[in-house]
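Next up: the structures, one after another.
Consider the two complexes below, in which chain A is the common component and chain B and chain C are the respective partners.
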Partner chain A sequence: MSRARYKGAEAGSGTFSGAGFAVKLVLIALVDALGVFGVLAAWRAGSWGILAAMVALLVAANWVYFTKRALPLKYILPGLAFLLVYQVYVVGYTGYVAFTNYGDGHNSTKEQAVDALLVQNERRVEGSPALPLTVVEDGDGELGFAVVEDGAAEVGTAEEPLVAAPDATIDAGAVTEVPGWTVLDRATVLQRQDEVTTLRVPVSDDAADGSVRTQDARTGYVFQPVLEYDEAADTMTDTSTGVVYTPNDDGQFESADGETLPVGWRVTVGFENFATAFGDERYAGPFVKILLWTFAFAVLSVVTTFALGMFLAMVFNDPRLRGRKVYRTLMILPYAMPGFLAALLWSGMLNKSFGVINQVLLGGAAIPWLTDPWLAKLSVLGVNLWLGFPYMFLICTGALQSLPGDVYEAARIDGAGKWRTWRSITMPLLLVATAPLLISSFAFNFNNFTLIKMLTGGGPRFDDASVPLGHTDILISMVYNVSGLDGSAPRDYGLASALSIVIFVVVGVISAIAFRQTRKLEELS
Partner chain B sequence: MRRSILLASALATTLALTACGSGEPSGDSSADADASAKPSALGSLTVWVDETREAAVTTAAEAYEAESGVDVEIVQKNFEDIRADFLAQVPTGEGPDITVGAHDWLGEFTANGVVAPIELGDKAGDFIPVSVQAFTQDGQVYGLPYAIENIALIRNTELAPEAPKTYDDMVAAGKKAGTKFPFLIQSDGDKGDPYTYYPFQTSFGAPVFEQNDDGSYRPELALGGENGEAFATWLGEQGDEGNLSIDISYDIAVEAFAKGQSPFVIGGPWMLEQFKDLDLAVDPIPAPGDQPAQPFVGVQGFYVSAQSKNALLANDFLVNYMSTPEAQTALFEAGGRPPALVEAADAASEDPLVAGFREVGASAVPMPSIPEMGSVWSFWGVTEASIISGKADDPVKAWNKMVSDIEGALG
Partner chain C sequence: MTTSTDRAGSRRGTAAPGTGQQVLRHRMKPGRWARELGWRHVVGVLAVLYAVFPIVYVVSASLSPTGTLTGSNELFAQVSGVNYAELGDTKFWTWMGNTLVIGVATAVGTVLMGAAAAYAFSRFRFAGRRLGLTSLLIIQMFPQMLAFVAIFLLLISLGEVVPALGLNSKLALICVYLGGALGVNTFLMYGFFNTVPRELDEAAKIDGASHAQVYWTIILRLVTPILAVVALLSFISTFGEFIIARVVLQSESNWTLAVGLYGWVSSLLEANWGLFAAGAVLSAIPVLALFLFLQKYIVGGLTAGSVKG
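Let's look at the complex of A and B:
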């Protein structure tokens, strides 16, 4: 697909004829069709942001591929579009959430919170009977309920309380016909279900008697609201106690004496999340330890995997070795395994009493691989070494094979030994090629959540800390825990986003510095 | 000229795509469009279920579809994902109309306003009381219960012909049987398993939270104090003696019991599948303390989304179709969890094993559904594990630190 598009782009930029242009036409037509479909779908769903973005992208795509002036864009537009959608938007949204209190108790919009509070606080009147119910409509199209109470039919609407309807026909316990009213069939009821479920028919003129509502259009019950929402004043009133609740800055209804109603909504809270992230004393001690371990883990992971990978690459690069291809294929196997699966397998194999390592390899030893703080760290590094060296092996093999032979010849003529050649020629040249990958590997391991979560779950726990964090927790798994995403605390997406941004800044700064250093390396060669 | 070809082909493809798109019964955003486009379709319901319940719910849904002409779309999800996804998706309007779930999610669901109450009316009386009670908060019912599950003592009758009366009896009988383990109870490494260990804890009179008269919990810790310390001391002793071990995971426990390496295992009905070849009995869990050993009872049920556009259908489907003995029995047969509907439970109790679990469940306590419970789990299990493994030298000190840590987390 992408190759075809390139062809089309080239042909299109040159001449306006030939098979290339036809291919381009078809592809663009396809993209446009998909785009217009997306726009229509967004229109229907009322997602205006998505709609605007899609229109902009569509216009950009058509302009780029039909103008003669945007040759570079023809190549990078698809990548740019995906970058915008999958990276920039996600980062932007995370940034936005970091400044809100999105989380448990502040899960949705105010409107929904009001709805939820009202529906949760509408109580069935105690001892009231279940009323067989029929949905009816008067001449003006207004809905009403016809119910049977004690064998007698009654009809009413939202405006008119229930009144007896002695001439109604009752069949099998429910009203089937009322003069002056049309009984709605099931299909019509379902089409108007929103109206039906929100309809409240007062039992009498006295509001304190409650009103009939139904959830399934078959049976009605008498309900009485406990909370009432005053839209104009934007307040909630508890009808049983008379307490008035007003909205506060945290996105909750609060009474005069500070009591809040349970369901809140999302509001922006400024830098509060960042303050919380660094303000909780219980996290201060563990945080330093975890930060240090995160750096140690990321650096050591890169160093060990690179060392082993490079060593193996050099060994298998020796033409005197037979069956190199077979060995190389075997070396890459750990890389082909999904990381989380491998971590799970290893956590089983390292089990103190039943794991293969202790039972079979070490003849029944009871080494606490995953439960001793230092051994657990060693295990994490070991498993990551096993997982990561094939990657380093691959890139080092590639880099080694592209090293020029003449410099080695020159070294030999100058009388350099093997160690000297490796130190002064192989290593620097290899680093030029692999340094950017080492930096990305560092960034990856800095946030290697899967390994930690699957292998140790962060354990063993700190004995002296009062928060559920452990010796092998890294920053990202700490974020997962602190913000309650693992279920051990109230969920707080705002806090999680704020902490993620902090980690993003840390990794970004380190990577930027490292890239600067790499440039020096390139100048050397 | 060429532009017009382009326009024409783009239009044609769009039209074709739109046609395909609106043909799909994919609920949510296109549901309203469907309803207006095809007056014959009465709407559609989206139901989230997990793998073990899919077949049974599909059967009930087909019956409902046939009778009411409504499309029911069953979406299969991982049970572990449902809780978080439901919380995240309902407010966006993309969530389902109905989801399967456990009763202990209720506190979080109501605090976030994502579930709507269900009026069971007189049908409430047809259910085993604890099941409706578990889904009740502040006098409102929020879910249709369908299954009750709890753990009990599963006994291999060949190795141990009699039910043990006390914990010591059980250990003695297990040692007499000469098997590799006197009895089996699962743990999860250094994370522990407070759910499975809970009956031992209650026998020392140290429940996790204070309970109100109506069975609901209030967020006041009750697992500390003298009773909690006695339990901690006992855990330490049993760990030293080797009766309890944190290295016995669920898989190891099930496999060992299936191989006849122990006469007893403490576990739930979900294990029975693996023990088909054994002669079994299900007994109450023997108490190491002086009070009865009460396990947690968990209730499974269906929740209705607070943002459902098909609330009428959703309630109709649950209250009038999923509460029938046929539907509840089908769910029982699919998942092996004893039904919550009395009539279906009675039928299922013909199996002595199901009856055994039900009997233990009758005296069990519901798992707390208050949101504070989330903060308890992670401290609780790890502390138990560290006491059992001997990592914590002083069980009482470790237990008291746990209590103060939980209090710190609750704020």
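Let's look at the complex of A and C:
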């Protein structure tokens, strides 16, 4: 009882200590205001998932900061919220997308795909009248059309179908003024020509009624979809040919003779993406090569940088040496250089025809450093050595200086030579001290996208040009290229996510094994 | 005693024009000097040449008025500030501003959230503490950037609700980076927080301080070095981050330096070289300065945090 009271008083002294409480109140009010704004926006957009997540976070925040029973959460919640949304959720979502055919042609839900199909396959309604048309803009800058049909004005936007506008001014058959809308002048219309010609204003809520479109911003016509969607039977019918399309397992409408409509929707496809990565002849070959190279690259990067770094650390680990500080400062410069700058810089220096390495250092040679498959791999490793050895040098220096002196004394008394001391004492102790860092270094290089992208861009390309992959691509750059986010290839989020999952598994397994090993090593020492 | 003063005297006598090496040679026979120390200098000079050459080259290229790759091959043949002046006509300074804003905001957010979480894990004993620490350790193994496709898709959905959190927004990018903050840095800080004796906060509590007062006025003051290290590491990694920035930021005026400079080099390498070199020198300066200034802390922080992990 007294303990509980004590605890209450303790928490209370914090919450009621004037300034602190005020700050907290203001912050929570701010979060709540933003949160409510977000919730309303999600409501308007009809994004129920986001709405639920926002409500949950808001409730959690208010509960945590006003109850007295969640002390630790007060400190953890802000970071935790970001962690859940932007790391845990996206990793989980990657897992989900890996099992779908999400990508070009399968971008949306079935409902949206049906709408898109209806809109994209349109034809002017035969015999429909030409409607005098005016381009207008609402308060938010959204374009709309004001048309005159049977002498009455109607106005609408892409989102809102045409509605009667009885108080509009009609002059010479066309609308000249609508309250609440701005009529665009000719120059502005020309400026926004693309927007105007692609704008479709639905005639009514029913997509089958068609929509008003215009080519010249003066007259509009009603266009009606060629396709017709039968909701009950879940089929698409082409009204001009009479062909019936039914949905198939790949998320597309397919006719009896196997023809599919261009817009599909995303469906779960099971392990198909994984099968493509490992089995499809276009991807399987490159995938195995890239997987091997990724391992080789990561392992060799760690080994080479560590070897050079350790060598230099031992060379400079002699207190009698003058100017150690100067050497050290100059040598760690590459580490302080942002990695992307270094990779871009080297890509220029290694250029075959103009680069300084070929032209100056090698006296005008034309060595294809970045365009020959093997030399490109060597260059990637060399540049990574330049970038990485100072880091290894630093940690080895630190580790060497903390090695116990008495062990060396004992070794000397036992008559161990230099080589023997290094092999049996220095090296094992150094490895124990640096093992966790070597593992992180491996994991980092396994996903060193920046270096590959900026230095070689993954090139030179594989001979099979159907996939955008090359000899120095590592898994992560393969994911990037396959995803098509830079526009160089068709987008395939499903396959890209499946490849991400493969990387997750590899990195996870290696980290798990490695951390277990380190713990063993530490127990030994 | 007399020998040492003798030695000091002779050193003063001979070393006036020369370097330390002469002194050592004076003390040691030349053969032994070469065997034990001389070769180390040879290695050192070679290593420094390897490390510094590209940097000297880029400085020279940035000062070369021709502005092309070929024209940059003669080091310091001509010196002019043309390339630096031309940066003013490009979006370079916008990118620099974006990068600094994003980097600083991420660093500050990372430190605040990471330190708070580390404090909770280090000082409170609560149900789920072990689970939380273990989960963080596991999450830490999966780098966030691997999920860039899902991040892209998430931001599309978020952007339909709140455009400021969607694609092509710097705020959204900062939020994404903050999502990776807890996983990477909590352990580094947690280890350091544990080294601050608990007696300190207990004493403060007996004097009537609340948990918030203990945190803000006692703990945070004592762990300033690790806060500096985490802020610095976070800033530097954000500064050079490419893949997520490239996917999220779409219009040129929102780009960061990494995205922008990549664009220059990948599109017209030969013609843009001078411009790139000047931009590279200017963008390397803030990071380089921070690094050299704080190198002692970085090395200490790296080894301390990870080994304890």
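Points to keep in mind about this one:
The rule is short, and it goes like this: the second predicted complex is superposed on the first by the 290 of 525 C-alpha atoms of A that agree within 3 Å, B and C clash if a C-alpha of one lies under 4 Å from a C-alpha of the other, contacts with A are read in each partner's own complex, and residues count from 1 in each chain.
Basically, a residue touches a chain if its C-beta (ideal position, glycine included) is under 8 Å from a C-beta of that chain, and two chains touch if they have at least 3 such contacts.
Bear in mind that the values here come from a model prediction, so they are computed numbers and not experimental data.
Residue contacts after overlaying the shared chain place A:187 against chain B, while chain C stays out of touching range. Between chain B and chain C, the partner in contact with more residues of chain A is C. By the touch criterion defined above, A:291 reaches neither chain B nor chain C. In the superposed model, A:351 makes contact with both chain B and chain C. Residue contacts after overlaying the shared chain place A:219 against chain B, while chain C stays out of touching range. By the document's definition of touching, both partners, chain B and chain C, reach A:457. Contacts of A:316 after superposition on the shared chain: chain C is touched, whereas chain B is not.
By the touch criterion defined above, A:489 lies against chain B but remains apart from chain C after alignment on the C-alpha atoms of chain A.
Contacts of A:367 after superposition on the shared chain: neither chain B nor chain C is touched. With both structures placed on the common chain, the touch criterion links A:282 to chain B but leaves chain C unconnected. Once both structures are placed on chain A, chain A residues 37, 41, 45, 351, 354, 457, 485-486 are touched by chain B and, in the other complex, by chain C. By the touch rule above, chain B contacts chain A in their complex via residues 2, 5-6, 9-14, 16-18, 21, 29-30, 33, 35, 39, 42-43, 68-70, 84, 87, 90-91, 108, 110-114, 116-119, 121-122, 138-140, 189-191, 245, 247, 249, 252, 306-307, 309-313, 315-316, 319-320, 371, 374-375, 377-379, 382, 386, 389, 391-392, 401, 404-405, 408-409. By the touch criterion given at the top, residues 19-21, 24, 36-37, 40-41, 43-44, 47-48, 50-52, 54-55, 57-58, 68-70, 72-74, 112-114, 116-117, 119-121, 124, 126, 129, 132, 137-139, 141-154, 157-158, 160-162, 175-176, 178-183, 186, 205, 208-213, 215, 236, 239-243, 246-247, 258, 261-262, 265-266, 269-270, 273, 276-277, 280, 283-284, 287-288, 291-292, 295, 299-300, 302-303, 306-307, 309 of chain C touch chain A in their complex. Residue ranges on chain A touching chain B, taken from their complex, read 16, 25-26, 28-30, 32-34, 36-37, 40-41, 44-45, 104-105, 107-109, 112-113, 115-117, 119-120, 122-124, 130, 186-187, 189-191, 193-194, 196-197, 215-219, 221, 262-263, 282, 351-354, 370-371, 457, 459-461, 463, 466-468, 484-491.
The touching residues of chain A, when paired with chain C in their complex, are 10-11, 13-15, 17, 20, 37-38, 41-42, 45, 47, 49-50, 71-76, 78-80, 82-83, 85-91, 93-94, 97, 102, 312, 315-316, 318, 320-323, 327, 329-342, 344-349, 351, 354-356, 359-360, 386, 390, 394-395, 398-399, 433, 436-437, 440, 443, 447, 449-450, 453-454, 457, 476, 479-480, 483, 485-486, 493, 496-497, 500, 503-504, 507-508, 511-512, 515.
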